[in-house]
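Following this line, the structures themselves.
Same chain, two partners: subunit A is paired with subunit B first, then with subunit C.
Take a look at the complex of A and B:
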């Protein structure tokens, strides 16, 4: 089970609460919006979380002033981000 | 009961003022000195809840007070009171609106952002109504410290409101207006 932090970009207004609660996961761009550190493509919207960040992510979900965050559980084991030979 | 009812009313009003100020500050996206944004959010909520508790004590104690002559119906339906029904009714209006704001605030994740926000806008109406109730119905209006508190609250809120309406209100307003280095 991997926890996924989903950002609903149509709701997000870049208020910055989530970037404070998850400083290791989210960076903040100049317009205030959260940017997943070291992630690209789809993983910037559905961010896989380490177990250590799960609690902080839960806080961010409940405190987001725009209700733009949600936590999802993914059943399959985390995919290797880079397969050998690629 | 009479003294307690008055004091709890003042405390409630002062706490609501603080909560509204923190709410406006938080909307701008800026942290407050050492307080991070999420702490302001929690403070905003907890001070509002505390203010609601004092509002409950204010109404509850005056309901039991023989001098105030409050009937249970006055708690919900405005403008029926025996003593200054208009000014007392404003207090009832504020109470009803506060309850709506608190309930929708606590159920934000269930009822959705749109409904929550629509009801939350009511706070801008609640505050002047509550202040008018305090000024019109209160028996301590002539005392200096109360007028000082009322004036300071009104000035602080007016300043916050002007700031909110100004183009540089958002923390990220410079970048969002395209003035990015």
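Take a look at the complex of A and C:
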């Protein structure tokens, strides 16, 4: 099981509390929104976490003022990423 | 290949030529012509074997993602069975083409609505009696309603109007529009196949994909695979456009067709063309030469058809200027819900417009690249990475023009040795 930190971009306001709580996981972009360090593609929206970051991530989830963060447990291997269907 | 609307014209021999399948019933086909051409299809009788037939056919979505159709259907079927109370799934026929350069779905809906409805009813039956919707722009709705009224078994199919925005066809936007009247994507902690419209397992399927399903349900996977290649079986519709006097045309082409053959069929000489946009505004610019249209294949020799948009750049036009106009449009079409998309896309558009406008600052190209990397993967939908993909293809294909622009002059690409 891997813990996944999900960012709901439609709720996040980019004030950056989470980036302070998870400095090793999240950087801030030009506008203050969190950017997952060292990740690309959809892993920047559903961020796989190391076990060591789980607790801090849980704290960020409960403290995010916009309720934009959530933690999910994912079975290995990673689920298929969502495709843009039309 | 077949031209929509003039299927009567005798075709000169050509290896890439495709007998019309989807549009075989001819222009504006009514219920009788439809039955005469394709024969009847009993959705309930076809349903039990449908998933196996779809898997064997290798059909992929024709709306852009090219995801295997049978997997999508299976995922929806499985979540419909999960849980204490089995939730009745929903199937939505998606006819929204937000792409300004796409018109194949609207052509299909107007000429072959019955094939689309066949596919919708058959999938719904295969999902154990799912709810059914047709979602399409206003212009196509009268024809859809007429077709639904003119055949049996469609009383419960609901019709919803799609707004004319770029993002209105994104699958979560489709579900959101039907549920709330707001056609913008929603955050997806859970997939639509698990929890979509009113929490039901939901399958959003492009209308051309549904028409292909209707053919496979009738004639089987073997027949489907008689066209196309092993990795890209069957046919697809493409919307082809180019510089005047080239007329917009919808063609049905076999999988794995050469891009240059498609351009020729649409009345263009590929040789003088400098660049072709394939896949639409979330697609890529490529040189017309030596590319095969297929969702999969070696990079460099293959280009993904996406939703089937093929647009040739006027050889006298500046590719950077053309891309800047598209990027400006895409930045404006952001649903402005997600910070990186809302701020990042206009920032990218501004940098590209400065380059197109002749600003001599060599850092601009790398800034554009940096912004693209920054926004990619960071939105509720794939608008950021779709946009970034287009821009990075422009940086690649128009590299000489970028250098020229940043050095203070603009040569249309036609003048540069390709």
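Just so we're on the same page, the second predicted complex is superposed on the first by the 76 of 86 C-alpha atoms of A that agree within 3 Å, B and C clash if a C-alpha of one lies under 4 Å from a C-alpha of the other, contacts with A are read in each partner's own complex, and residues count from 1 in each chain.
Definition applied: contacts are C-beta pairs under 8 Å (C-beta built on N, C-alpha and C of every residue); 3 or more make two chains touch, one makes a residue touch a chain.
Since this is a predicted model, take the numbers as computed values, not measurements.
After superposition onto subunit A, partners subunit B and subunit C are found to sit side by side with no clash.
When the shared chain is aligned, subunit B and subunit C each come close enough to touch A:11.
In the superposition on chain A, A:31 contacts both subunit B and subunit C. Put subunit B and subunit C next to each other and count what each touches on subunit A; the higher total goes to C.
After overlaying the two complexes on the shared chain, residue contacts for A:66 are found with subunit B alone; subunit C is out of touch. Superposition on chain A places subunit B within reach of subunit C only down to 7 Å, the least C-alpha distance between them. Overlaid on A, the two complexes show subunit B and subunit C touching the same residues of subunit A, namely 11, 14, 30-32.
Interface residues of subunit B facing subunit A in the complex, by the touch rule stated above, are 26-27, 29, 31, 36-38, 41-42, 108-109, 112-113, 170-172, 175-176, 180. Residues 61, 63-65, 67, 72, 94, 96-97, 169-171, 185-189, 191, 204-206, 282, 307, 337-341, 343-344, 347, 374, 376-382, 385-386 of subunit C are the ones touching subunit A in the complex.
Residues 11, 14-17, 20-21, 30-32, 59-60, 62-63, 65-67 of subunit A are the ones touching subunit B in the complex.
By the touch criterion given at the top, residues 6-14, 29-33, 35, 39-45, 70, 72, 82-86 of subunit A touch subunit C in their complex.
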